[in-house]
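The data blocks that follow each hold one structure.
Below, chain A partners chain B and then partners chain C, in two separate complexes.
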Partner chain A sequence: MSDPAAPRREGREDTGGLRRALRHVAGRLATALASLAAVVVAAFFLFRILPGDPVRAMTEGREVSAQQREELRRQFGLDQPLWQQFADYALGLLRLDLGTSFQYREPVTELVLDRLGPTLLLAGTGTAVAVSLGLFLGTRAGWRPGSPADRAHTAVALFFWSVPTFWLGLLLIVLLASGRGITPGLFPTGGMADPAGGGTVLDTVRHMVLPVTTMAAVVYAQYLMIMRSSLLEERGADYLTTARAKGLRDALVRRRHAVPNALLPTVTLVFLNLGQVVSGVILVETVFSWPGLGQLFYSGLRVPDLGLVQGLFVLFAASVILMNLLADLVYPLLDPRVRP
Partner chain B sequence: MIHHPPPAASARHPAVAVAALLIAAPAVPAAADSTVSTLTVAVSQQVDSFNPFTAQLAVTTTVLGHVYDRLLTNDPRSGEPAPALAESWETGEDGLTWTFHLRRDAVFSDGEPLTSDDVVWTLTTVMENEAAAVAGGNYVAGFEKVTAPDDHTVVVELARPQATMTSLDVPIVPRHVWEPILEREGEGFAGHTGEDLPTVGSGPFVLTEHARGRSITLEANPGHWRGAPGFDRIVLRYYSEKDAAVEALRGGEVSFVPDLTDAQATSLEGAEDIAVNFADGKRFQAFTVNPGARTRDGEEFGDGHPALADRTLRRAIAMAVDNQEIVDKAHGGRAVAAGGYIPARYTDFHWAPEGGETDPDFAPDTADALLDEAGYARGADGVRVSPDGDRLRLRMHVHQDRPDNVNAGLIVAERLAGIGIEVENLTVDPGVLSDALHAGEYDLIFTGWTVSPDPDYVLGIHTCDALPLEPGTMQGDAYFCDEEYDELYEAQLREYDPGRRAEIVRDLQRILHREAVVNVLAYPDIREAYRTDHIDPSSVQVQPDPGGNIWGQDGYWALWSARPAAWTGGASGDGLPPVARAGIGAAALLAAAAGTAVLLHRKATEEDRE
Partner chain C sequence: MSTGTAVPSRRSPARRRRREALLRLARDYARHRAGMAGLAALLGTVVLALAAPLLVEPGELTVTGAPGSPYEPPGRAFPLGTDNFGRSVLDLVVWGSRVSLAVGFLATAVSVVLGTLVGVAAGHFGASGGRGGRVLSAALMRVTDWFLVLPTLVLAVALAAVLPRGTATVVLAIGLTVWPATARLVRAQTLAVESRPYVERARALGGGHLHVMLHHVLPGVAPVVLAQTTLLVATSIIAESTLAFLGVGDPTTVSWGGILEAARTAGAISSGIWWYMIPPGLAIAAVALSFTLCGRALEAVLEARPREPR
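Our next item is the complex of A and B:
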């Protein structure tokens, strides 16, 4: 190979790398968009397969006439042919219009904006607590596998992982909120603020304690287990022997060398879970009457409020797709080994 | 006492300090608002709209019933129509003209007097604007014209006599507020949610605040013509989980929880400072038999069992079931065994079969004999076969979300097996059940209605006119059609004499019982509970009185009459003052946090020593 060829080849490699990266990004974007399109179609037809009729359900027990039901049907657009309803819905989505709720008679976008804050607050705090607790305990457990601490942490985490969210939430309410028996009613039984003189930061935080505890208790096990197992993999690595040979204390070896490397798979998991967090809080929001998106979705499903549930479904699915996309794009930056 | 963590500890463990603050916090805001007496009700339904022309859901129509007056109300003691906005009323000779004389002291909450002009405008709007008729159009369907000869007289001219004129559930709204809204919104009026707060109404309360999915606040209207309500403020607090609401009642966070299940009501019985109210039910629980689904033109559809067109078989099915057994086993005794279609609470209209040889209500042996005689022979497996050769295996749709229906369904299935009818028990989602009903694809199906003081509507859904024009659009819930019934239905609607009308209504129930398409099982009690240290039990006006309910009344009697209990305890039921509770909580959390911190620290240093 001649000398002049060398720089050219290097240059080709550079542009090739960039092109590969771009192709990677474009590929991921295309996949995400295709998934989103599938979700849009699925959301429309999925909820129309649901049994029940929104107008009949909403007027149940009301002394309304057939004409009044017909007028409601017209107002909801349910008298239109199916293709027309789908076209209206799909064109609306292109304008970022998620449709109108039947029962609340308001644009879904407005309802979502109203409920987004409480959900992000609850889901964000719950996830942060679960992740920190999981990583912290997972590190302890994985560093000394088989030790009593490891066995205890793993057992406790798996116990809570298998507890139904609904049951745990109600149990906490009975024990800590109802004022039953010897435990005084320490925390509110539900909601986000005290209707009388509530709304302060402290009041909100007080209302958050039980729902956040419930949410974190049920999910922290997955972070613990993944942290534990990735730390286990690192434990025998040569660079740790080197670190020890330098005379570093055990805790420092763990903190400075083992943990950063073991964190990678965990970070991916955290990202992948972020998208599902919103839909995951449905149960917690329902038990604790938390005025968030999950509770909104639940109230829509019971009717079924087609306008509301299809809009929310698209939104939830879009957030999962977006988070997966971000995880795909961010991971190579964190770990050079998986760079395309 | 509140424990303060030492500064060093809180600096190292800020979480501990925050936790302590949190627990100690509640005492402050609760005490600040103690001058305003508040009645907090746990509700489980979200708000659809506060637009009185379109609102459908029970929680909103209840709120609107406290915010706006109606022309007439229902007397809680006698159950008769009683004056509200109209002090008196009379009908013309031909029965086609109704004149209402309005009271002169009714004032809207913005100070404007309520006059006949507001009444005429409200009723005319419901008559003429389809979007505004969604909530109350059924009440004005027979109206020709509404006029106001003077400021305090309203004259309604009818196309044909209707005895329901004393129970028009139409909230009278201020024209000066709603006319501009209607003009501004035009086509979009259906989407107007009436959230311009505070509302302007003439009722005993003013809707002042709505936090979506959280709470609804009503303030007392001290100038109301009936007198000021007993509480300054009513807060409807949203609970998506009824069990949590029950715990909130125990802890004193809410004062009143309506619509309890039997298990919840039983668990609250005997709890300190809590009264459980079991009231005669407004609802009937029934199962209907598919007599052959058809449209108004007589076109048959669906796949109901062909033998059910035979009245003898339907009568046998009804006779095989013991309503008292349903009450005892499916309702824990908290119900009234059904007679006819109208619940026993409405003593004037209620009818029960006399029993005896000709018209037995529960007689499995007679049922068995009837079927033998009619040619329904038992097969080798004990299941009967119809004279046309169809095996009597019947599907039964039951609401899976209603424990009383699920339990009753089990009993019905067992009793029918006793007379040689096999039942396929389909306990399903209410949506599935509703779809099966409207497609006519069922044999036996559970149903129930909450009956108003005027029974016209629930009787009307079994006229031939209530059959669907095309499958799926049925007004009624049973594909029942009987000429004699239709004639009597028209007659009761024309009859203005209460005694004679009640007589006809009882005859209608006799026909329903005879035809055995609609088989009423029980009138379940209304179950609700409240705190006696928040609400003075002697002040609450129940309906009917005595033995009546608090929530879901016709009129605003209960919430208007309820007064605060003399001593209103803190937020806790255990008698400890809030500060003490806060102290205990803070101490417990601190101890736990400190213990954990020490443990972790010891472990960390241990590792470091290695």
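Our next item is the complex of A and C:
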């Protein structure tokens, strides 16, 4: 919005626009911070006040003496008064300390840092594949609505959208990795590297094929439908008639004129969809034993390790809030029509 | 109302008009092939779920009462094979439809009621509640937006993990996380209804907030809510299976997600026992797809309808 390379406009108008833009940014920042604060408070009370004592939940089904229980309580600071616990937790978050895992007896932040790389790799690749596939097929479908290609793409997308993510992953394992399906043992059933000879790029790619396919298959449908419907809206626009009247070929009209405009809503959606990507990552990593944050979350659920689950809850919510903020801030740069 | 000679009551013209509108909606809907196919599939599934006690012997679904031997491939005795305890997979899937559908419907009911309440209140008081109303409306939408931003699955799983295990918890966990989208939609629709002259007329005649919301806004937003409900059931059924798969479902009941979780923990996946995990997943996909088709057909019908002057 305040591009230094842009030609300077009239001084008064410029500062007015800048002020408006700054106010817009400040407003969005404040909203995001308020959301974040609400998440922090909600996470604390969700995992403490609701019925179910963390220590009891942790030791459920095991022989634990009352003394051991007290010991655990003291260790995790659960014997402190509630306000003291909250203060420790909130101050810890300011120092990026997400709490302590009851299960691993380690700071959650360290566990997160260990697992962040694989998750970013998986989620990034999966999102990239889903976005390019969705945009490409959505353009195809939306440009000729009602055509056989449109109907086929829409039907397939709706089917994949209706399929539970984790089941698609299980299906791929049974068919392509279990050794009893149609192509026995083509891909590994899970993990990120082979115990023997792992670590090479090729090996990692081989382990990524099925998880990435699963993630992309479930998410691309939404991008396809959005791209299709926003292209449909542009189809009747006057500027397309003008472009055609200039004698441009149909493919050029689509590529140069219609698609760039139809892309805008889809771009926002890519940012706003991070919540769905988080869900996808949890499920896909669980199914494929991918050593990332999603699997960490699952392992915390199984115990249940509420310290870990709470830390990851805050982390996931914070990352979604951050992406929403980015979407809000980036959108006016892309689309001059909504500039504040 | 079919007794033509009865003295028409004060409300009967409105009722007749509504009934006619409903009939027109049904007629328009019947023209959508995909929507009708979805509806037929749904009715079939519901009948199957209701008739399950006639088709399946519940005793054979317990681990001890299993009629077959473990991992029998599909054959004459067991059309879809058996699981690791020797139970018939077909029976499990038929029985599982009961919990999966029930949770799907109940969770949708929770979220639709919540979403409609919040949406109508936010829309109505924002449009005609004065200054206090605008503050209330803004507060409601802030809360809605906040829920909308939270990652749904993470919140649902966290709720299900801290509450005591059980079907009610699953219903609550899903219902409390998927309502914000409904609230936003209903609020937008409420604002559209509130700007109509007949609402102003009702207010001018002395209709209070409750009267306007119940008698004018609610009927006006009902079609949109119906379409949204249909789409939400699909989401809820998938969410139920996901929660069960992550191990925070109700372990004492048989549901489609629960069967898949059992298949995975029993190691059926990596040893390629395809008949154990394909049927429940296909069932989920088929039911979710049917609901989605119905919802999309409803949306298309509602959008195509000309705005009737009232």
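Brief remarks on what is shown
By definition in this document, the second predicted complex is superposed on the first by the 301 of 340 C-alpha atoms of A that agree within 3 Å, B and C clash if a C-alpha of one lies under 4 Å from a C-alpha of the other, contacts with A are read in each partner's own complex, and residues count from 1 in each chain.
By our rule, a contact is a pair of C-beta atoms (placed from the backbone, for glycine too) under 8 Å apart; a residue touches a chain by one contact, two chains touch by 3 or more.
Predicted, not measured: the structure shown is a model, and the values here were computed from it.
Overlaying the two complexes via chain A brings chain B and chain C into a clash. By the touch criterion stated above, A:286 is placed in contact with chain B and with chain C alike. By the touch criterion defined above, A:161 lies against chain C but remains apart from chain B after alignment on the C-alpha atoms of chain A.
Within the superposed three-chain model, A:106 lies in touch with chain B and out of touch with chain C [touch as defined at top]. When the two complexes are overlaid on their common chain A, residue A:171 makes contact with chain C while staying clear of chain B. In the superposition on chain A, A:20 makes contact with neither chain B nor chain C. By the touch criterion defined above, A:202 lies against chain B but remains apart from chain C after alignment on the C-alpha atoms of chain A. Number of chain A residues touched is higher for B, counting chain B against chain C. Touch criterion met: A:186 reaches chain B, while chain C stays clear of it. Judged by the touch definition given at the top, the superposed model places A:255 against neither chain B nor chain C. Legend: residue contacts after superposition of the two complexes on their common chain; A:298 is shown touching both chain B and chain C.
One listed stretch of chain C collides with chain B once both complexes sit on chain A; from 61-69, 169-177 or 241-249, that stretch is 61-69. Where the contact sets of chain A with chain B and with chain C meet, they give residues 50-52, 170, 173-174, 177-180, 189, 286-287, 298, 304.
On the chain A side of its complex with chain B, the touching residues are 50-53, 56-59, 61-68, 71-72, 75, 100, 103-106, 111, 114-115, 140, 149, 170, 173-174, 177-180, 184-186, 188-198, 200, 202-203, 205-206, 209, 249-251, 285-289, 291-292, 295-296, 298-299, 304. Residue ranges on chain C touching chain A, taken from their complex, read 145-146, 149-155, 157-159, 161-164, 234, 238, 241-242, 245-248, 257, 260, 263-264, 269-274, 277-278, 280-281, 284-286, 288-289, 292-293. Residue ranges on chain A touching chain C, taken from their complex, read 35, 38-39, 46-47, 50-52, 158-159, 161-168, 170-171, 173-175, 177-181, 189, 274-276, 278-279, 282-283, 286-287, 297-298, 301-302, 304, 306, 309-310, 312-313, 316-317, 320-321, 324.
Chain contact summary for the complex, chain B toward chain A: residues 18, 21-23, 25-26, 29-30, 32-33, 36, 38, 40, 46-49, 54, 56-58, 130-131, 133-135, 137-138, 141, 169, 190-191, 193, 211-215, 217, 235, 237-241, 243-245, 247-248, 250-253, 429-432, 434-435, 438, 449-450, 452, 457, 473, 475, 571-574, 576, 580-581, 584-585, 603-604, 607-608, 610.
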